[in-house]
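All remarks here apply to the structure that follows.
In this document, chain identifiers A, B, C and D correspond to the written order of the chains, with residue numbering beginning at 1 in each.
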Amino acid sequence: MEKKDINEVEKQMNLANDGLSDKEKTLFSDARPQVVPPVHKIFENFRNWARAQSLWMLAFGTGCGAIELRPLMTSRYDMSRYGIAPRPSPRQSSVFIIGGYASLKTIKRIVRSYEQMQGPKFVIALGSCTINGGMYYDSYYTINRIDHYIPVDIYVTGCMPRPESLLAGFNKLKERIRAGRADGMNKYAENFDWYKKNQKRIIKDWNMPDYNW
Amino acid sequence: MKEISKSKYKNYVADRSKYPLLKDGKPEFDLNSHMFTKIWQGPQHPGVTGNMSLELVINGDEVIDCKTHVGYLHRAFEKLMERRKFMQCFPIVCRICVPEPDTNEYCFSAGIEELAGIDIPEKAKWIRTLNLEMSRVASFLMWIGGQAGSLGMGIIGQWTVTMRDFWLDLFEEMSGGRIYHMYMIPGGVRKDLPEGFELRVKKVIKQTRELLVDIEKSFLNNAITKSRLQGLGFIPPEMVEEYGIVGPTARASGKPFDVRQNNPYLVYDQLVMKMITSDVGDAYARTLVRFAETILSIDLIEQIMHKMPKTGKIQAKIPNVLNWKIPAGQTYIKAESTRGEHGFYIITDGSKYPRRIFVRGASYTHAISVLEKLAVNISISDTAALMVSLHTCPPEIER
Amino acid sequence: MSLKDVLSPFKVWERAARKPWTVKNPIDERKGSANYRGFHKNDLEKCIGCGTCEDICQNLAIDLVPVENVETNMGDSGLRPMIDYGRCCWCALCVDVCPTGSLNMSNEYNWIEEEAEGFRFIPGADKKSWDDSDKGYHQSDDIQLIDPARIVMEELEAEERKSTFVEMVKGYSKEKALLEAERCLECGICVARCPAHMDIPEYIKAIREDDIELAVKILYETNPFSASCGRICTHSCEEVCALAHNGEPIAIRWLKRYIMDQVTPDQIKEIITNNIQVNNKKIAIIGAGPGGLSAAYYLRLLGYEISVYESKTKGGGMLRYGIPEYRLPYDQLDKDIDYIASLGVQINYGKEIGKDLSFDELYGNFDAIYFSIGLEKPTSLRCVGEDLDSVVAGVDFLRDITDGKRPDIGNDVVVIGGGNVAMDVARTSIRLGANVTVLYRRRIEDMPADLEEITEAQEENVIFNPQSLQTKIEKAKSGRLLLQWNNMKMVEDPEGDRPKPIPIEGDLESKEFDTIFSAIGQKADLSFISEKYEEKMKFKWGKAVTNQFGQTDIPKVFAGGDVKNWTADAVSAIADGHSAAKGIDEFLQKR
Amino acid sequence: MEDFLNRLKQKVEIREQIKQRDDLYFITIKKEQTELVLRYIKDNEKFKHLSFMQAVDYLDDSKFMLIYMLYSFSRKVSLGVSVFIDRKEAIMTSMHNIWPHLWQYQREIKEMYGIDFPSSPRVNEDFILESWDNMPPMRRDFDTLKYSEETYYQRPGRKTNDPKEYMRKKLYNDFVKTPKLRDDK
């Protein structure tokens, strides 16, 4: 019992932001992410339905998956009719598409962009590389499992997944949101220390705030 | 396509009076003076091609200094290939450049064949050439969309990317893959062309030609395009050799450098083609050259379809791929990609694994040395257009 | 820039009136093309679990796992590929390289999961919606990633070899051996099929790396008769070779021969250095054939004192006396025997048990006895006149030839039988200048002899007279023998066994011959075992009944080779000798 | 082309000369003469275009090879000029004065192979790798698989079987396994 209490205390504690200089520390918040509990059931269902209708995705081509986003955005597949639109800024987006492999340099930006996104936020991981390393399983510079660094809602396999697969992925994500299961953000908040530990293990020059929002 | 003639307008010369003093060709600035701001464009920015970033120092909206940062797509291909058998390398090489994987496949296969002493059948050569030209068209279409998009003309991108998708359908039919074709293997190609392929290619060519006419009207002969691109990123001919500039970028500056014509490979010596050059050297000239190259590639596809042998073997005999050893040697194979001279430098040492494979990405210098030089003293709103006009492709830089 | 440039873009407004490019329902409407590299499917029946797909996969996406309802047997490892779609890159190299052509791809490409663990599956075993799809990337004949054709072995021309006992197969040169070794997929399925379980992939790999020393060491781990086996082995390993499914198998036997051809007897002694810890237990071995001598070899390595008793004047057993010189030159056999003898194995030639020495004596003087004797007693022709003078048993004839005799067999000879002995007799007779006919009950394709033996015999102008059953032999007026036979017809067996030959009534033929060879079968001569022991041992159909280590019901007596197993070939005898060595060792350790 | 090589031979020592194709030659020169040769070839022999410069690790010989791939527009021939340098003292003169974009390659080689080019611009800045704390990764003695396994998590739960061993276990596990004459590797 005592041990649990310590954990509770730790969770209340503010973040250290060790990677920042003293001057920068004043510029960033040191609060932890909080779990957002669902509100009243019917109201939550309505909210989930509404969320699923309008998915704004972050236009960040992190890997080669970005090449199939372009056809998806344009007239042949026309994703806007499904309520999906690309946004240039993380602040406006609710879906983060990890386009395949993430190199060490990119995963740092992925973490930062993900944390900057407003909730509710969802992650779709494309391609083999995000699942188990894909064809870069032995590369010294790409990570093998994206779910160790940020929570993932939907996996789409393929190399690269075609636009049709991506659309199917979006449909599945919508289902998941409507069912109220797309709680990656809460998972991130709950296991924040674990995620942070994994992230800091590979990103060796951590010069950004611990939780960037 | 009209002849690209000498332009009637003058080269753009920036008004230098309000800029800081130059020292060794670089402006001097002091970030603490509060006159300059440092901003990062990318990697999470819709205005950069692919996944790279520009570290810009700006004064107002003028760029004072630019540094490019690459490595966001680094996957260590060259290292990985050192621990894969020859045949196992071939699925990995096409990943080096996403919009145009086939040049990589060709260079790798041709290099392996040369070192192993394999002659590929005549028909395989024709199919490879067809494949390369098709991928050029697809890549150029995407580029036109990108260049238009960088000027805010999203609709052009909507058209060209969709048209590219029709070309990808052809690739899918031919090779079984949309983006990564993995079609040319050491020894030849993997499948014969499907039945009725020629007709479908002709249909797509017809559509593409119609679209290109519209693009010429709406994008090339457009007041906005001209005012934004003319004079932007001027590359004098002297700079071409100094900076190792290749491909359409070099040709737009009056340097007739095209690997297909200077050092013909595959069946390019049997095709009729013209060197497309312009002696203006700015972003608009590059746009025109690339536009003309798209049409040239379509012409070449028609020629190939016409001249190609209808029957024949598509694969030379190769040893058991699990135990394939290649005698020691080195070679440098180059091919013309949409961005220019794309090359593979391969060293073998008689074992089952390549000793060293180096990929010379065509836009290696374009995106770094050249971009850093050209981006100085332009408006920050033009950096995206400049970057696209140099046709940078980050994955082939960092590999 | 001009006014024209301002107006020009407006010209494309007409596009608004065109049919849109948008696909109404992309997920369902757009199936992959006929050639699309989609998800994998596997024909579990066709797949042999060789793991070539695993080897070629550069992403380590494929694991071989056991699957329910798939049994492990001689030509099938019982394993099936499991593909991890967290690794796969859909390059389809696994499809192109699959030696059986069982692994293919469908044109499906949609697979969405909420958990990353769900992307592993065994194509074929885990039911998927695309299992029945006939579209997608399939293996084609246009490209070959593995060479289906074997490197041709040079042989003497048929005309040339008809007159000589010189070895007809010339053996691989180094270049050819390397090329042939290069074809190996290293799946290892052959190892189970080989009775001696030789480590075939490893020694082929050693050839490829041009490490003959290592190769010789590997050979001697399981087979001290490699020089002989490299020539005359029945090579059942080649039947299960993964490459045999869509092409010609690796020439495993010729590669083994290549290894042994590279070393002289002295070099073998240098390469394989043994540190034998001699103990004082004594073992008697009856028969210096491949079975007896390999038991002697492995027991000697364990430190036992071995005495081998051989009734003939030279060692090698049926390898020497049953196989003609043109297939196995005696110097190669001597190479194998000499090495075993050099380890301190004592071989007593010309000592026949039951005559020179009694079985009881052996039983009393030694700690264990191993007998591995050949089948030398011909079975009866079961027709009138088989005891006439010029009716000769095939095995006796071959033995005479080996002893250097050249018996007068006349111009026309007939060989009755369809096994390897019949072929050897026929081809030896050809070399003595006779016209040879082979008489056999069933069809040529039913002959138990190796196919290549039959083909080679045909090349050498041996006349085959299948579907004929000998009925009568009598002395003709000319002094020659008149053989009468009944032509047979083949009747389908109602139970689905192979068709049975039935005599066509009245369809008799006869012809005169100088010599008639009977070669329809042989059995062991067990008269050397004295009665009181024979009673205690069990024999079934003339074969000794033992446990898996060759131990008979008399604990001290072990048996193996042709007298025990049904394949009755050299490599089985060697394998029996090897396992008997283990059995004897365990038996003596326990005591 | 042969004339040119003969002319060059009179000026400097050419250690090795290979004609790979009609339009591709390789020469090996002495390290000290690199700058001289490159300048001469560029200014007097019209090899104006530098395709690339790269390094190759010869771990067994304890050497690095640096190759400069030049191209002549007028001859339409590529020429690879290679230089061997010692692996332990991996320092090379910077050639960025000859081709301005060469600093880029030198920066990459510094990062990937650890070959130093003193006075080359920005040679010590991170180029591709960020926060890299191991040995230069393109060196032959860097094991990328091992690094990947140790640093990035592999998804657990995979197990494969070797058909040979599996069949032994299933079909003839009792068969003799001795003697072992091979040395264990």
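The rule is short, and it goes like this: contacts are C-beta pairs under 8 Å (C-beta built on N, C-alpha and C of every residue); 3 or more make two chains touch, one makes a residue touch a chain.
Predicted, not measured: the structure shown is a model, and the values here were computed from it.
Peer 1: Which chains are shared contacts of subunit B and subunit C?
Peer 2: A chain counts here if it touches both subunit B and subunit C, which gives A, D.
Peer 1: Would you identify the chain whose C-alpha centroid lies closest to the centroid of all protein C-alpha atoms displayed?
Peer 2: Per-chain C-alpha centroids ranked by distance to the global centroid put D first.
Peer 1: Please identify which chain has its centre, taken as the mean of its CA atoms, farthest from the centre of subunit D.
Peer 2: The chain farthest from subunit D, judged by C-alpha centres, is C.
Peer 1: Report the inter-centroid distance (CA atoms only) between subunit C and subunit D in whole Å.
Peer 2: Result: the chain centres lie 48 Å from each other.
Peer 1: Rounded to the nearest whole Å, what is the centre-to-centre distance of subunit A and subunit C, using the mean of the C-alpha atoms as each centre?
Peer 2: 59
Peer 1: In whole angstrom, how far does the Cα centroid of subunit A sit from the Cα centroid of subunit B?
Peer 2: 32
Peer 1: Counting in whole Å, what is the centre-to-centre distance of subunit A and subunit D, each centre being its mean C-alpha position?
Peer 2: Centres of subunit A and subunit D (C-alpha means) sit 38 Å apart.
Peer 1: What positions in subunit B touch 2 or more of the other chains?
Peer 2: Residues 71, 74, 76, 79-80, 83, 91-92, 159, 162, 180 of subunit B touch two or more partner chains.
Peer 1: Give me the residue numbers in subunit D that touch at least two other chains, ranges are fine.
Peer 2: 128-130, 137, 142, 144-145, 155
Peer 1: Can you list every residue of subunit A that touches 2 or more other chains, as numbers and ranges?
Peer 2: 75-76, 105, 131-133, 135, 137-142, 145, 159, 162
Peer 1: Viewed as a graph of touching chains, is the assembly arranged as a line, ring, star, complete set, or other?
Peer 2: The chain contacts form a complete graph, every chain touching every other.
Peer 1: Can you list the subunit A residues touching subunit B in their complex?
Peer 2: 58-64, 66-68, 70-71, 73-76, 86, 88, 90, 101, 103, 105-106, 109, 113, 135-136, 138-142, 159-160, 162
Peer 1: Hey, which residues of subunit A end up touching subunit D in the complex?
Peer 2: 104-105, 108, 131-133, 137-145, 148, 198, 201-205
Peer 1: Which of the residues in subunit D come into contact with subunit B in the complex?
Peer 2: 18, 20-21, 23-24, 26, 48-52, 54, 56-57, 67, 69, 73, 76, 78, 80, 99-101, 103-104, 126-130, 137-138, 140, 142, 144-145
Peer 1: Quick check on the complex: what are the subunit D residues that touch subunit A?
Peer 2: Touching subunit A from subunit D are residues 128-131, 133-134, 137, 142, 144-145, 147-148, 151-155.
Peer 1: If we count contacts the way the header does, which residues on subunit B are in touch with subunit C in the complex?
Peer 2: Residue list for subunit B touching subunit C: 84-85, 87-92, 159, 162, 169, 172-177, 180, 182, 185, 187-188, 190-192, 194, 214, 217-219, 221-223, 226-227, 230, 313-315, 317-324.
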